[in-house]
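Each remark here refers to the structure printed beneath this line.
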Amino acid sequence: MLTGQEYKDSLKDGRRVYFQGRLVEDLDATPGLAEPLNAVAEGYDKYHSSAPDAVNPVVSGPRSVQELRDRIPELMELDLALNVTYQSLMTLVVAAARMQDSGDGRVPVYIPRINAYVERARRDDIRIVECITDAKGNRSLSPGKQDDPDSYVRVVERRDDGVVIRGAKLHISAAALAHDMMVMPTKTMKPGEEDYAIACAVPVNAPGVHITNTTYHPLHGDPRDYPVSSHHSIPDSMCIFDDVFVPNERVFLDGETEHAAVFAHSLGLWERLGGVSFMVQQADELVGLASLIAEANGIARVQHVREKIDEMMIHATLLRAALEAAIANARSTPEGYFYPDDMYTNVAKYQGAVQFTTMVRHLHDIAGGAVVTAPSMADFDNPTLRPFLDKYMGTGGGISGEYRSKLFHAIRDTTADAYGGWHLVTNIQSGGGLYAQRLVTRRNYDLDRARALALKAAGLSS
Amino acid sequence: MLTGQEYKDSLKDGRRVYFQGRLVEDLDATPGLAEPLNAVAEGYDKYHSSAPDAVNPVVSGPRSVQELRDRIPELMELDLALNVTYQSLMTLVVAAARMQDSGDGRVPVYIPRINAYVERARRDDIRIVECITDAKGNRSLSPGKQDDPDSYVRVVERRDDGVVIRGAKLHISAAALAHDMMVMPTKTMKPGEEDYAIACAVPVNAPGVHITNTTYHPLHGDPRDYPVSSHHSIPDSMCIFDDVFVPNERVFLDGETEHAAVFAHSLGLWERLGGVSFMVQQADELVGLASLIAEANGIARVQHVREKIDEMMIHATLLRAALEAAIANARSTPEGYFYPDDMYTNVAKYQGAVQFTTMVRHLHDIAGGAVVTAPSMADFDNPTLRPFLDKYMGTGGGISGEYRSKLFHAIRDTTADAYGGWHLVTNIQSGGGLYAQRLVTRRNYDLDRARALALKAAGLSS
Amino acid sequence: MLTGQEYKDSLKDGRRVYFQGRLVEDLDATPGLAEPLNAVAEGYDKYHSSAPDAVNPVVSGPRSVQELRDRIPELMELDLALNVTYQSLMTLVVAAARMQDSGDGRVPVYIPRINAYVERARRDDIRIVECITDAKGNRSLSPGKQDDPDSYVRVVERRDDGVVIRGAKLHISAAALAHDMMVMPTKTMKPGEEDYAIACAVPVNAPGVHITNTTYHPLHGDPRDYPVSSHHSIPDSMCIFDDVFVPNERVFLDGETEHAAVFAHSLGLWERLGGVSFMVQQADELVGLASLIAEANGIARVQHVREKIDEMMIHATLLRAALEAAIANARSTPEGYFYPDDMYTNVAKYQGAVQFTTMVRHLHDIAGGAVVTAPSMADFDNPTLRPFLDKYMGTGGGISGEYRSKLFHAIRDTTADAYGGWHLVTNIQSGGGLYAQRLVTRRNYDLDRARALALKAAGLSS
Amino acid sequence: MLTGQEYKDSLKDGRRVYFQGRLVEDLDATPGLAEPLNAVAEGYDKYHSSAPDAVNPVVSGPRSVQELRDRIPELMELDLALNVTYQSLMTLVVAAARMQDSGDGRVPVYIPRINAYVERARRDDIRIVECITDAKGNRSLSPGKQDDPDSYVRVVERRDDGVVIRGAKLHISAAALAHDMMVMPTKTMKPGEEDYAIACAVPVNAPGVHITNTTYHPLHGDPRDYPVSSHHSIPDSMCIFDDVFVPNERVFLDGETEHAAVFAHSLGLWERLGGVSFMVQQADELVGLASLIAEANGIARVQHVREKIDEMMIHATLLRAALEAAIANARSTPEGYFYPDDMYTNVAKYQGAVQFTTMVRHLHDIAGGAVVTAPSMADFDNPTLRPFLDKYMGTGGGISGEYRSKLFHAIRDTTADAYGGWHLVTNIQSGGGLYAQRLVTRRNYDLDRARALALKAAGLSS
């Protein structure tokens, strides 16, 4: 296993990572990338063992409902890179098993490759990110109908020893900080779209790979004004594959359109628990911020404030109920891994995304305009200003100006600034957008039962 | 145990039941009351056993989470009178145990009375209704501050052999069809309000009792136009206590204000499962109706229709998630009875009530104006009209005019007529109204944890 | 002009009107139809003049913005039959002018017919209803693609002296009480659908016409329990045309598909003002009911109650704002008639329909369960019950039980019973449903301006 | 009148302006303050006239409904400092007239002072900001009951030649860029709160004044990634009054609690038009962004996308309807100035604030995750990256990657980053918060009429 420092050294591998238009020479010296780099490094140190055969214990799937439930607090603490690595490896394990099951004589060539890759990844203690969303071009057209055939990642050349791929994957979190990119089709492919049915593991430093970066990490001002995002940012990347060669041992699907969706579906099993758990935690955090700032403003007992907080608590509890239902109704893969029920996790994501802005509005309504006008913590450092700020931002009864300002900064940072805006967008878009959640519900809901109830009500049951 | 006919005979006991301004001579001959009477009688026949010591098996509490879960489909089939009888007896059992626990030397006199009453009620196979909501007068004033001291039921005289009570209880379902009324305080009472801390079992035919009735049962037109409410109505009553004497053996609380709320709280444990289960079922039924009528209208594949049905499914699934979470987190009384978790059932009721009208709007939007203008089933009986109605209410592809009209009647009956209106109101009001559900959430939500999360986000954790 | 009695006599004309499966012999003796018949008769008496050339002054269009505005209170008082007659005649006048404008040599034959018909209708003081909505069959198919070609009203035979039509029109209010039915296409027709491009005036008593009826009029119980619907009901009809001959002088369009939509569009101009005015008034009435019942319940000063009423007032004011904007931006036809702006009236209808159920929920939340369980007014007639009802339904401070019960009945009648259900459905469906309102907005909104603003924001303006 | 450069020079007056904890030496050299400084300077140049008696023509009130309506596009173009200066002077004019009317012999001393000040301000062409919101301490306590008596700005000393004030005003836009601060009470004051009934004009550079600043202006990265906020930012300030002496000629109220609210109320008249006009424009801009990005994503014809844009258009039209209604029902001050109707502007602000987050959610749902992950415009400058970005961010059909990325940056900047967060908060808080808008509606809505309608419905009208 690697130490944090070894990990950081391992990324000095010739990768072409860009930030704000410039090729990054040294991640560690680049504000906005250095902080999440260090967070991943801390994750390495946290789990490090110098035993020769040690592997990270997190990187294995739960074997019972109880293990699934116990995983939640652990997930909440993991750095994103480790979390996604875990998801990636579990995805491969399950995808291999599923392809095996539907075996038609040709597929199994991928199985030993996958098993070998998983074992090597565990042993080498690397970090892997998921690359799913393609550039997509015109959303109303399928991959083969685009003006530009590269709108979806595809194989442009097949050699004896591997394939050459071209295209781009978008919205890839932490790509600049990983060793490998797990490339997989974004959706089902149809006959004729064989070149788009490509799944493979690509080293971030492979020739032809370019990684752009955007981030909500605060790049100016005082980190204390960004109490969350200055510590917990993750860069998002476009991963460009400019005719990248991938050797056969890293190719896990090539051309079998009938298996194109198996990777994304398998990933779905593993990304849900963390996603929904985070939404529940986020809802609880909003409740907590509302409760603290109401108290600090002296309005905790005002009835309309209490009702807004009630609604926020009811919202958070509904999300938690869906998480609880998903675990109570957990399912297991044929391989014996437990994952939360599909339908309940999807309604949680849908409800969480749809109601998030209303919860934020309640919080802002309670908090007041100082969410965006509270003095900077640097202002508090100024000896002339500090007494005034303590006096006028304080509200008596032991609520100091500094304490209250810190609450305002936390609210602004998480709901009304770059990081908050990132949440507004990603709460809706993660996991495929609201439309994807609708689809999953449509597929899983017991409509026959509902129709039988309705026919009975109409006196139309036989 | 009684047969249905014995039950019906047993109600010819001199009770003063009124309907539409007139004293009811014969329940069985009174449209609007006869139908629910027969439904209760059927419930008697269904569980009847002629064994001498037989008691109704339903009237006992679940002893495990699994028993609790298994109870749901059974509850969905019970007639209301039997369901409430079960709740009443379980309420007494739990209330007795709770008063015992807090025993201060005086209370225990009620315990043997309660136990004897419960045993007798089981043996005699009677039906009992809950009488909780008082007339209340001005809602902003407490019982002792009202213009009229009788706004809450109270003891007006204490004799050696019993008490005399005065007041009225409102919104009492099925009172005219029961043997006993379980009278209990509507809420906590304060010192000085001893006369309002009265719980007792009053025979419906006790001198001084008057029972008015309202109903959504269709009293005109063709029952086929009311496919649900013509079969499943329950009258609601105001139960008036005009100086009614209650003998000591039927008095379960008299003056101990500290115990005033124990009965209503105990009842809460038992009424929830059925209430939330019904809401889930109602939501599923709305989905079913929407799906069937969309299909019958030929618009099942229209995208905005599908999205509305998606939303209805998501709503139904969220409610079911809360029910699942409530059962997965079931709690048990000290006596070993299992009941669903308070907070999850309350958020389900809140969400179900708040969103119900939106779900109904979606259904009406999909169904169209024929919800209220579809021809009567009697019109279909008219030989001149029938061919026209089949022709013009049908939509081709095997959807006959009669089938489609029956769907419209089911939709109108359950959502856009007297019974639908009753749901609009009672979905909000049952269990104490939206405000009560907010309060329960406020009391049960783990606010400390939420605040800790928020303090951590603000960098204010110690 | 006719007196009310002359009007009633004039309907004894052999018409085939059905109610609850039976042919109606005498409208005046048929509960559910007699009451609206009398309301129309009162409308006749109200405007009656015995002057030989007198015509009803209402039946003419506004000639200025001010006249348009002044029309609102008048419309609110008109009986529906007179209101629709006015709309019908104005529709014909405008449709004639529009067909004239687009004259292609053939159409003008209809112009003198229309003018003669309008003059005759005014002189004979008849009542006319609009027949627009067809049976429609499968909503996803156009008229010519239906399993049954009669799913839309069509010409099945053309003779020298007229045409024979077949089909049915649905949701026709007050058809049984009118003299003529103004039949018009429900929408644009395409080439090949000439037989469906038929507009004509059909006497209700023409051979082959059958009129079914449904109503929310209370047919049982005490009219006092239905304070609104027992006075203001209107029956809805399916108007069946079983090969009905229409003489040429009553045919206003036959086959010119390019003009098929002109009648429905012209009608749109005239029905809007009344429709939106009613919605505004309905919203105000809900506010009033909420305010009165909050006061009667003693909770007018409770903060969450005040906020709910605030929201209801804001809703009512937004609707009124849209009505004000529609009048302030009124447009005039080439003929000089003023009608409210399309887009503003449509957003009002959309908002009114979408928010109606939420406003009703607020009202029910404030009012409480007695909306559906308040004693019948007949119960108040019972001398035994009356003192109890006055005592226990009263809330002190001068709020009598009878007064408060009357409020509950008004709330139940308008929002939680048959009439309320009719509103739930028709608020959404009238004027073509939510989808139609969306379409109108889409067509009228200044999207170019909005896009220019956005391009400017993006720095993409040239 | 001043030129832009003269204005900038005039601010070098010893003012104590702080930014990020440091005293600002030179506004023009301080990123985040320099840009809005230049915007104000441009406003000077735009209206500059070298005629000796010239005054800015904008600084006068509309004298008719038409002038009021014509003012809207002008307001949309004004820089904020000029807009607020206009509001301030009109506020003084109207407040003077109102105090005059209620004259009790003492007040009029302020009238000539105000008139002189207004004339001088116009002549000197200064910029004035409004200082209303106090620090407020505990919101549940009135000014006199606070732990700290300075929680509301107050007079701490009265001298012959003026008063000394202490306290702080919050959320003051553009204070650092103005010459004078118009200090006024935040609300009605009661007897005993005379020291808080203080209105006066304080020079920004007066001894004892300290001005902190916060801003959503982008201080890092490429201005092209912030196409709106890099051009249109305004700093918000806390204005601290550390025992500031105000000479008598600048004191416009001192101690007359009965007049304390007259300034804020007068201001309300003038700030509304701009506030609501901006909200309407903002809603239109969101529609435009949604339309453009839907087109750029290739989903403009997808039905659920069209419906979301329909809803956004309906929302924007409802807001515009309220603005239209406010102007159509404009009122005039006794002095003959026209201002938009109170109630309609308030419902517009309420609706705009409450629905804003839903509109933003629709926009994000349509736009997709690239709102937060689109490459920086600097990435487009990189010659290696540019071809890839054009290729993969483009969607065919003439939609280039750069064009589409610019749309994403505009969406992110206005709705999902610092500036968007500022809108989330200030849309709710400006003009006193949602609660204030509710109050205004409550006061202005014709509740008597609504109650009369309800009484009539209940059959309770006399």
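For clarity, chains are labelled A, B, C and D in written order, and residue numbers in each chain start from 1.
Here, contacts are C-beta pairs under 8 Å (C-beta built on N, C-alpha and C of every residue); 3 or more make two chains touch, one makes a residue touch a chain.
Here the structure is a predicted model, which means the values were calculated and not measured.
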item: Remotest chain, chain A as reference, centres from CA atoms; value: C
item: Centre-to-centre distance between chain D and chain B (centres being mean Cα positions), rounded to whole Å; value: 52
item: Interchain centroid distance [CA atoms averaged], chain B/chain C, Å; value: 38
item: Distance from chain B to chain A - Cα centre to Cα centre, in angstrom; value: 44
item: Shared interface positions of chain C, touching two or more other chains; value: 304, 307
item: Topology of the chain contact graph, where touching chains are joined (line, ring, star, complete, other); value: complete
item: In the complex with chain A, residue positions of chain D that touch it; value: 18, 20-23, 133, 135-141, 146-148, 150-151, 167-168, 170-171, 210, 212, 214, 216, 219-222, 236-238, 240, 242, 297-299, 301-302, 304, 354, 356-358, 360-361, 364-365, 367-376, 378-382, 384-385, 388-389, 391-397, 412, 415-418, 420-422, 424-426, 428-430, 433-435
item: Chain A - residues contacting chain B, complex; value: 224, 227-228, 281, 284-285, 287-289, 291-292, 306-307, 309-311, 313-314, 316-318, 320-322, 324-329, 343-344, 347-348, 350-351, 403, 406-407, 409-410, 413-414, 437-438, 441-442, 445-447, 449-455, 457-460
item: For the chain A and chain C complex, residues of the former touching the latter; value: 303-304, 307
